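Handing you this structure, nothing more for now.
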Amino acid sequence: MHMRGRILLLGGAIGLVAAALSGCGGTDSGAILIGEFASLTGKEATFGISSHQGTALAVEEINAAGGILGRPLELRTEDDQSKAGEPANVVNKLISRDGVVAVLGEVASSRSLEAAPVCQANKVPMISPASTNPKVTESGDYIFRVCFIDPFQGTVMANFASKTLRARKVAVFTDVKSDYSKGLAKFFKEGFVKAGGQICAELDFNGGDKDFKAQLTAIKAAAPDAVFVPGYYTDVAIICIQAKQLQLSVPFFGGDGWESEKLVEIGGAAMEGHYFSTHYAADNPTPRITAFVEAYKKRYAGKTPDAMAALGYDSVMFLADGIKRAGGTEASGLRQALAETKEFEGVTGKMAMNSQRDAVKAAVILQIKGGKFRYMATVAP
Amino acid sequence: MEFLQQLINGLALGSIYALIALGYTMVYGVLRFINFAHSDVLMLGAFSAYYLAPAVARVLPLPSIGGALVVGLLACLICAGLGVLIERLAYRPLRSRPKLTVLITAIGVSLFIEYTGQHRAVFGADTKRFPELMPGTEFHLGSLIVGSNDLVVLVTTLLLLAGLWFIVHRTKVGTAMRAVSHNQQAAALMGVDINRIIAFTFALGSALAAVAGILYALKAPGIDPLMGVQPGLRAFIAAVLGGIGNLPGAALGGLVIGLLETFAGGISGLSNYRDGIAFAILILILLFRPAGLLGKVTVEKV
Amino acid sequence: MFSRSPLSLPTACQGAKRWLIAAVLCSILLSFGQFNRYYLGVAMDVGINIILAVSLNLINGYTGQFSLGHAGFMAVGAYTAAKFSLVFAVAAPEPARPVLFLVALVLGGAVAALSGLAVGIPSLRLKGDYLAIVTLGFGEIIRVIVQNLEAVGAASGLKGIPKYTTLGWTFALASVTVYVVVSLVNSTYGRGFIAVKDDEVAASSMGINPVRYKVTAFVVGAFFAGIAGGLYAHHKQFLAPTGFDFLKSIDIVVMVILGGMGRTASVALAAVVLTLLPEVLRPVSEYRMILYALLIIGLMMARPQGLFAFGRRAVK
Amino acid sequence: MRKGIGMSAPSILSLREVTIRFGGLTAVSGLNLEIGESELVGLIGPNGAGKTTAFNLITGVYAPTEGEIRFAGRPVTAKRPHDLTKLGIARTFQNIRLFSSLTVFDNVRAATQLHRSHGVRMALWRGAAFAAAEAEVERGVMELLEIFDLGRVRDEIATSLPYGDQRRLEIVRALATQPKLLLLDEPAAGMNPTEKAELMRLIRFIKERFKISIMLVEHDMKVVMGICERIAVLEYGKKIGEGTPGEIRKDPKVIAAYLGTE
């Protein structure tokens, strides 16, 4: 009897779920509904919050200027808690229940990779602001990104190391927990060896570690000319501090994960003279960048926008541009328009979509000097 | 040379783990339960110091040893208070319940502190720069480098270990703590005020966590609401490794894990497994010594 | 909860199998329905979590072992099944795919069961907190290994897993899990699990081999966690090692405790509630985890025996 | 080989020079003991004499440091408890150890599974063979429960029974393993004189009805003297005397141990 009750309960649960499944949402206002998923809480919240702030700012600016095709944008943001398993759910919700016409997100490639098949299956364009792993857009023809990809950035930094830094021996210090770091390290190594350099030490850390002296001592023993650290700024700042303590005084350099005011705030003097590549330079005095930085500072209590914020902003602008050119939000038309983007000018520079739906755009290289990011060079693809 | 430098690095890391492990093991020793929230109190200690430093800097110059002591002491008091509060609100109502219930509650408390801390109205999720409380320098012995911070950590850990040992074994309150640890009912019958002793244990444990949090933040001056998770887990392993409830065991466990992680971390191709090393060692040791390195195997009375 | 009246034993035995068949048929019918993809996705999450919670309940609830490593078993199953599909199923002709999917799932479960055996063995000597930390460590070690294993995508994750999981598969397998755990425990043989939980020394003096029961619980529990992992892999179509960390194990443990240890129906119900709850709380997502934490604490104070633990049962 | 006095039946259990040390403490030292088939033997001694430890050695809870234990002619030294139970040694505990979340019926049912081929496959298939086997288990368990007048509480949670019933249930549970030797650890503890008298009747009844050997540790001299055919006396882990109740009553060493020599 109890057994039967138990199984009945299960049957009941199935029935309930099935009943709930038939409901469906949608909007009837004139607004264009766009969805965003970001890591607003959890381990990688700092990046998600930055990109979300840029995204929200862009939506506000567009609406203040009268919307697109006379219709305002409405942004639905979902938090994925930096947790695997969540992106698929939230993107499903955004598409199937809220009925968004496009999805923006994520910074972390692993979470974009989880969301991409959902967007592709539903034929809803997805634009990743900052996932640089090449695999992301391989998920299908509805998946785009407004940032460059790791092979490009890796090659840029490899050339930078061999030509500008004139380094012969470089140590690579990778965050094994991060797909971004591993990808960038791989392409850097390939590029640098091709350029005639030698990788003299390869060590790993786990993002979130606070003690790097073991690895840094081993790196020091290998006597490199420079150290490539494709990590995130929270770790990089501590790495540089401990490197300085161990008197490992060669240039450190890395990728766009370094870009944040916090890098120098935390790292302080230990960051002096190091280099990194990124998507844009906040101190680059072009009118577009200046205007963006000012608006952002005004909106977010004086915070200087980092690359994630700029890319979040650009992802909205890129979408808006596509909607305008498509003349509407019908999925295949919008996809077509986005894919055919030839010259879109964003805060992070001019970009065109290639056949892989990856943005082809320049990278900038910055140096840290006097506690500020100094623009050094722009490297076109 | 590299070996000796790694030995220094390992001891420095190990003494931080040891310091955190002392807090875990002390609470366990008295209450027989794993205070999962210990690592979060550690984080709260670092954040207390972060917010206290500007205020203290107005009175005392920072960085200075005196200033650091004042900030540290205040942070200890705050954390001790928070520890007592946590015990009062979350653990005391469950004292007579099965240990599993308390363990799950502790996990709940830990999640609560972490996620509340991440809310933008509290600390916010982003990493903050931890102020320089103490003047730091590096000492050179030939090509070997020892950081002054690392020495401070080592000395603090040793002093606290000795101090705790003294409190537990040579004072009246320590005797009461041991009595409570042995048998709560019997201790109560002998006139020990259980509530007070447990509150004291939590206050002491949380103050320890605050010290550890500050020293940890000085070593790596970027703090965030999840900063306690990783060292907390390692220290917890260290405490179990040494034999949980055993003070010298915790210190020994901390050093073992610190050294192993450092030597593994310095080897290319092994450094990527660093996260798993502590656990692998733990499992191996527990297979041969089920009660840890210095723990006593208790024979169940039948 | 357990069969008590003199006639209930044999009748319940035969009835159960009929109910299982009915539940599986129902599930298969369901997969022909057309549903909103979001609700469908959540429903599959519900089914997968039921499998996870019910199988963990065999270890933690019925046998009284405290495992914090269920996410590790799930990861083993997920990666094994996904890799199998990527190598064999994608190239296979369409009609063979359901068969291959079943093979993938069972293979994932089997490899997970093997790892359950590996964890079950240390459990012979360890108890309580020590066992908890060892199982937690096991889960973390699995994660670190996967993170470094290029064959399954390492840190970048494993992508392009075919979408084979349907509502039918999920709930059919959830029914099987419930059936297996319930049938196992509700037998003379199965009383041994509870005897081991209640008093290991007494159990072994009654001829019950505690080692054998504990290892069986770990192996069966891990097997179904592996199955759940396989379903998860073919549902999300992407696996990242970070998805199987300590917090995932905690989530499952909370389901078991919320439901009430050692009560299959309640634990399944808790899995449903705890999967739906975060979705309901999405509008207040920034408070979601805070509320979740408070729920755990509040529950432990108000109803430590489990929120859905109704009916009489001695509570010590 | 030293034989026990008054041994008539062939020996079912024999301990030879069995010693166990915990750290520095020698709890049982050089113990020799024989129990014959269908014999009722008592083990007595002052507190801390090592009686329960001796029980734990016989049932495999502890492994002896030295010495040999044989059961039914086979060496069983350091065998694990559940294996010994399969061979035919069953026991009760000084502090009752029933399965606290199981019913009276299930407590006994759990103890019947050792003689059945393990039933994972059967339990999962739930076929006719399973139903038949379960019905047989149920019949057997109920028969046992009825003999001891516990059938009326079959569906109660075991630990909710009155104390005397719990003691009895523990004995029933031990009998369900179909033992050749039953060890009772202070069965009369906490009982009043009426209950004790009832217990003595019960122990004799078990011996008659199930034709098994019984060994009991007991403090209550009346109980021990009243039912045991032979008694062994332990002090400080050593056997200081052995014999019929009449002999033991007069043994000066035993009297000294109980009353003190001074």
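Order of writing sets the labels: A, B, C and D. Residues in every chain begin at 1.
Just so we're on the same page, a contact is a pair of C-beta atoms (placed from the backbone, for glycine too) under 8 Å apart; a residue touches a chain by one contact, two chains touch by 3 or more.
Note that the coordinates shown come from a computational prediction; the quantities given were computed from them, not determined experimentally.
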Inset, instruction - Trace the shortest sequence of touching chains from chain A to chain B and report its length in steps. - result: 1
Inset, instruction - Could you work out which chain's C-alpha centre is the most distant one from the centre of chain A? - result: D
Legend entry - Closest chain to global C-alpha mean, per-chain Cα centroids: C
Legend entry - Most heavily contacting chain pair (counted by C-beta pairs in contact): A-C
Legend entry - Computed distance of Cα centres, chain D from chain A, in Å: 71
Inset, instruction - Between chain B and chain C, tell me the centre distance in angstrom, where each centre is the average of that chain's C-alpha atoms. - result: 33
Inset, instruction - Please work out the Cα centroid separation of chain A and chain C, and write it as a whole number of Å. - result: 34
Inset, instruction - Would you mind pulling out the distance in Å between where the CA atoms of chain B average out and where those of chain D do? - result: 49
Inset, instruction - Indicate the residues of chain C shared as contacts by at least two other chains. - result: 2, 5, 16, 147-148, 186, 201, 286, 289, 316
Legend entry - Multi-chain contact residues (two or more partners), chain D: 61, 93
Legend entry - Multi-chain contact sites of chain A, meaning residues that touch two or more partners: 40-41, 176-177
Legend entry - Interface residues, chain C side, partner chain B - complex: 66, 122, 125-126, 128-130, 132-134, 136-138, 140-141, 143-145, 147-148, 201, 246, 250, 253-254, 257, 286-287, 289-290, 292-297, 300-301, 304, 316
Inset, instruction - Would you pull the chain B residues touching chain C in the complex into a rising list? - result: 33-34, 90, 93-94, 97-105, 107-112, 115-116, 119-120, 233, 236-237, 240, 244, 272-273, 275-276, 278-280, 282-283, 286-287, 290-291, 300, 302
Inset, instruction - In the complex, go through chain A and note every residue touching chain C. - result: 1-11, 13-14, 17-18, 20-24, 40-41, 78-79, 81, 83-85, 88-90, 92-93, 95-97, 109-111, 113-114, 116-118, 121-122, 133, 135, 138-139, 176-179, 181-183
Legend entry - Touching residues on chain D, where the partner in the complex is chain C: 59, 61, 80-82, 85-86, 90-91, 93, 97-103, 105-106, 109-116, 118-120, 122-124, 126, 130-131, 133-135, 137-138, 142, 155, 157, 159-160, 173-174, 176-177
Legend entry - Residues of chain C defined as touching chain D within the complex: 2, 4-6, 9-10, 13-14, 16-17, 180, 183-184, 186-192, 194-195, 197-199, 201-210, 216, 262, 312-314, 316
